[in-house]
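We just call them A, B, C and D in the order they show up, numbering each chain from 1.
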Amino acid sequence: MTKDNRFDFSRRGLLKASAATGIVAATPSIFMRNAWAENFRNNPGDAGEVKLGFNVPQTGPYSEEGKDELRAFQLAVKHLNGEGDGGMLNTFKPSSLKGNGILGKKVTYATGDTQTKSDAARASAKRMIEKEKVLMISGGSSSGVAVAVQSLCQEEGIIFMAGLTHSNDTTGKDKRRYGFRHFFNAYMSGRALGPVLDKEYGKERRAYHLTADYNWGWTQEESMKNTTEELGWQTANTVKTPVGAGDFSQYITPVLNSGADVLILNHYGKDMINSLTQAVQFGLRDKQVNGKNFEIVVPLFSRLMAQGAGSAIKGILGSTNWNWSLQDDGSQAFVKSFGAEYGAPPSMAAHTCYVQTLLYANACEMAGTFYPPEVIKSLEGFKFDGMGNGPTEYRAEDHQCFKDVLVVRGNENPTSQFDLLKVVEQTPRSQVEYDWKIFGGELGPYKV
Amino acid sequence: MDAIFLQILNGLDKGAAYALIALGLTLVFGTLGIVNFAHGALFMLGAFCAVSFNKLLTISTKVEDKTVTLFKAYKEKPYLEIWFPDAGPVLIDFAIPLSILLAIPVMIFIGYAMERGLIKHFYKRPHAEQILVTFGLAIVIQEVIKAYFGANPIPQTAPDILAGSASVGSWIGLGESVVYPWWRLVYLVFSGVIIFGVFAFLQFTTYGMVVRAGMRDRETVGLLGINIEKRFTIVFAIATVVAGLAGVMYTPVLPPDYHMGMDFLVLSFVVVVVGGMGSLGGAVLAGFLLGIVQSFASMTEVKAILPGIDQIIIYLVAVVILLTLPRGLMGRAGVMDD
Amino acid sequence: MMNFTLNDTTRFLLFAAVILTMPIWLIPLGGGYPDLMQKFAIYGIFAIGFNILFGLTGYLSFGHAAFLGVGSYAAVWSFKLFTMNVIPAVLFGVLFAGLLAFIIGFLSLRRSGIYFSILTLAFAQMSYNLAYSVLTPVTYGETGLQLSQQDPRLIDNLFIEEVSTGLPSTTLFGIKMSGYSGFYFCAVILILCFFISMRIFRSPFGLMLKGIKSNQNRMKYTGLNTRPYMLTAFVISGMYAGLAGSLLAVTDPLAGAERMQWTASGEVVLMTILGGVGTLVGPMLGAGLIKYFENIFSGFDNNVLTNAFSFLPDSVAEVVVPVVGLFVGGGWHLTLGILFVVIVIYLPGGIVEGLSRLMAMLRKRERPVNGNMKPQDQPGE
Amino acid sequence: MDNLVLHLDNINKSFGGLKALTDVNLQVEEGTTHAIIGPNGAGKSTLLNVCVGRLKPDVGHVTFDGQELTGKQPHEIAQIGVARVFQTPEIFPEMTLLENVMLPAFSKRDGAFRMNAHHQLSSQAEIRDEAEHILEDVGLKEQMLNEAGSLSRGDKRRLELGMCLILHPRLLLLDEPTAGMSRHDTNRTIDLLKKIKSRGMTKIIIEHDMHVVFSLADKVSVLARGQIIAGGSPEEVREDERVKEAYLGGAH
């Protein structure tokens, strides 16, 4: 499989794919498609280098996360090219990576600014595809952007390895054949939090939801509502809040006397920081309702974001994709090389981007080609370990990774400025798995 | 009843923030005739005065962090706490109110430098160019702050004694359960003082009289041989300080980040115009009005009837007011009319 | 006035030539790829249209992004419901934007000056906030309106058998509207739009609009009803915006709510002022400049810089790269901000007007000439 | 007295508590020049504002050639054929003189609104010729490609007069057309106004300068404290005791 005979592979890929999708009628458009397969988009050919595109928010509210993602990408490229200490290359198994680039070609990259806007993200991705001739695009810090770029990549025939995106839609109703998500999703957050909420807060609770008024917020609210209601909790109210409201006081004061004893903040980013800070300011943490301590839950926690909320996060439960305090070999190796390079531990966004890059490279090695349909097939159903989160599988049906999910709590006594979250529970994969059919959507064809 | 009372407080609190920002904006609008798109950035700079002061107080020595074993990490211990174990932490605790002392001279300086260095060349230029130059300036200020402080919000805490909630309900006989955070009450009172101060300054000092006259008819005041230019600098500095102080005091409510000014910019323009161009009282009135309306529109009971009304209420009210009252609530004819 | 005619023809031909040869001369500037050129053309249309309102009548709308957004949504719905052919999509985009512009304009034009600006801003922000949240069934909210395989596409399905499992692409009677063909489609429309704009500038109607900007009182006492003139200008420029919005959807069939946000409205204001309010080509220049910065400068990372400065000795490069790095990549906003300030200080009136003033000054210095040094290209200001 | 064309019936207008016009009745004969004189603050400009629709009278009517003007929009009144030269010239300062005069010509030809974007200015030869004629009449033809804003105050006045003349108004209102002009300029303006007198339009002229009034007016009305206190031929008015008193009283 290592012999680089492009022609051979693409022809075989074509045959396989034709069989798989069962294309029949011989129309001119099909004829065009054949031409595509012979020479797929941005085929590196005989070049000694391949280029990957890292599309991250560099301006706007998520630019700090974007910066961290970019660091992770740069580290991944280094490791792939055999520079540095190798990081997770040493712990990742089964690995076909050799530390000599991908398929012997040196890895280079292009960067772009998504601005956390679908339009800007797509423009930036198009630049990478049309001008920089990248083979794969990764990164991003919101589901809107992920869905937008993912569908673009499907049309352009470029593989998209999503960065931070937590909405169910990314691998649900908006899933695409060319898009892959390592990050967990809102549904999994809910499933993972369920048992911990049961254990910590009991079954007799009334929850009040404040939800960011857009797609991700809604899916998050739905997942949390289902989970908590399964536990026997009541839902006092669900209130949608405008994105970027800044001051949430008008949504928080009604919570005070609503009879609810748990506040669930389905917010992310700045909204989360502000609503959490303000909820604590309104004394919700010190409150007693129905003879129980009032609790706040933040379903999606990010350490980078938690910094912005300062001491307000102390004791707050939430879930996260990964945390640098994990003790497995993969996480340790990654934290070590990341910390040595940048003087700070990686965020979960950085982790997922790093892993995604390695996984893409590995899939190319496994397929022995850069031809996307073949690479996609290597990724689909791929099982691996040693990347943090324990044994992991890229489910073939929806391109969602299944792995352990962390339930974390804001640290009461942080020992360092990075020690903000404490892992309460590593919810095993089996508990967060679900039938891929529940979210609908269609992957679409291998060949475009 | 409780809920409505709390929403009024919320509205007043929000309104106080809007009014403070709009006050400076309308002052600069009315007297200098400058459309200042950098005004939000001044609000943000005020907030970062607090952040810097906090940083200054907590200048720290780096102590190696032994808990991080995988790579060399450092944690910081403020010198103040090392040198003055008793007074140091108290001082740090009161960083926000104390940073007002820093913010006033810094904001005056920023206002002075901005007006002398840039704005004064644009008094006679078209509004379009004022917009472009102040918007450019706002971006530059933002990016400089971002380059130094990063893009993430930086949490600031109110002093410990103001951390809890006041049982305002028991003060007015609504019951113990009606509570409101002390800091927000402080903010409300503080805004009142500032607004009162600005009005008093304009009402009772000769400077103020000239400025008010200038708001009404700039050319005539110039013809009277009064050095209006020098007054402009002072007016601009006052506007800067008011915006800055609003920023300082808002930090415990909203962790400051480099972009917070832009978030308030559009809103404060709406407030100013709804209040009526050239009217300070109008801006304050509009600020409180929009704040309260917004709070009420966010109530579940209201949203149940009109879903999403809280998303648009400010703009909706603005449209209704501007279409019924040609010059906003208290605007005067001839100011920025054309 | 009479001798404008020849000038205008040459200017028009020059403009067309420059636009159509974009794929060639943009290559050395690092911008010679279809997407960016499409953006140049589309935002050029947007800015040129905006200038018909702002440049001629002096009415500063801060809500034009609403029309851009509506144009996009209408176009994508046309792709979803009827056909992938771009012609109906463009027509729907223009039509709906025009309708919305008529309503918003009718209400907002009751006021003038800053009151007008804030009214338009308020309408646009309402549209944006609703599109982002409550109107999700129509707009698909944050994710944006996209094509899907389940779309009815009534007209297409009458004629074409379902052959592929992938998403169809937008076509102009069989020509795919992505890549270079998409650019040329946009470019032709841009040139057409420029032509129309030029005709308007030079027409009696344009003269009336300039009159509104110059002296509304005189207009009234001259027997002219200013409201219908302004409303017509507002609707025309709204339709330009809708056209630009639909072209965004044509080249990339997705419509997102953030297209309607105030920042997008502000962007077109900045483009117009940057290039030169009331000048013919200024808005196009401004649009190009801002889009260039957004797309090209943001892509310069340290990696690229290190390569670019590799000719320097390492010790020098180590200093230069981080310093330059502050202004590119994630710092492209900073450069843009500085550019705004510098241009407005040194080139009052925007690029076009500033340059012609500069030229006039230089000429004057060479040989003092009396009389009118009116730059060719500044009818409004 | 059968060809009275402008009627002001019982016009009353007050601002707050201040009565600006009280029971003003005025008739103007077609084709004549009617001067309105009076001390400062007598209400002369208010009277003109009522005529052109800038102000609506509290009581009373203005009719022109049988048409009710009261309550009409300024542009409607202008389309009926009433033009006005303002005290401070209202021109289009950013446009060339030629454009300044062409614009009203379109108004005359096309009415209050016409979406005339398919024609080019350069193809409107008729309008241009007419505009050049008018500019020649007012003595500004040489400068016709200059920006109007750069003109002297007197020239701006003349330009505005030209802009009104091209409308071929049936009633022309002139608000102190020579105020602030040099003697030379004033004489030029008088000559110009005399020249257009032959065109047969009705004119109302507000003027302080008695020299101008007596050179131009067929009839004079005297307005003081919002009331018409005298009227008649210039000679009659000159001899009227009440007029002298009003002027002297106003001076004290």
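A few comments on the model shown:
Everything below uses one rule, namely that contacts are C-beta pairs under 8 Å (C-beta built on N, C-alpha and C of every residue); 3 or more make two chains touch, one makes a residue touch a chain.
Here the structure is a predicted model, which means the values were calculated and not measured.
Placing every chain at the mean of its C-alpha atoms, the farthest one from chain A is found to be D.
Overall, the chain located most centrally, as judged by its C-alpha mean against the mean of all protein C-alpha atoms, is C. Per-chain Cα centroids separate chain C from chain D by 45 Å.
Taking each chain's centre as the average of its CA atoms, chain B and chain D sit 52 Å apart.
With centres defined as mean CA coordinates, chain C is found 34 Å away from chain A.
Annotation: 75 Å between the Cα-based centres of chain A and chain D.
Annotation for chain B: residues 308, 311 touch two or more other chains. Those residues of chain A in touch with two or more other chains are numbered 63, 67, 213, 240, 242. Shown for chain C are the residues in touch with two or more other chains, namely 129, 132-133, 333, 381.
Taken pair by pair, the chains that touch are A-B, A-C, B-C, C-D. Across the complex, chain C is touched by residues 35, 118, 121, 125-129, 131-133, 135-140, 142-144, 147, 266, 269-270, 273-274, 277, 307-308, 311-312, 315-316, 318-319, 322-323, 326-328, 336-338 of chain B.
By the touch rule above, chain D contacts chain C in their complex via residues 52, 73-76, 78-79, 83-84, 86, 90-96, 98-99, 102-104, 106-108, 110-122, 124, 128, 145-147, 163, 167. Every residue of chain A that touches chain C in the complex is listed here, in rising order: 21, 23, 25, 27, 29-30, 33, 58-59, 63, 66-67, 70, 74, 108-113, 117-120, 122-124, 126-127, 130-132, 142-144, 147-148, 151-152, 154-155, 169, 174, 213-216, 240, 242-243, 442, 444-445, 447-448. Residue ranges of chain C in contact with chain D, taken from their complex: 1-2, 4-5, 199-200, 202-208, 210-211, 213-215, 217-226, 228-229, 232, 371-372, 374, 380-381. On the side of chain A, the complex with chain B involves touching residues 60-64, 67, 213, 237, 239-242, 244, 246-247, 249-251, 253-254, 256-257, 270, 273-274, 277-278, 281-283, 286, 304-305, 307-312, 332, 335-336, 339-340, 343-345, 415-419.
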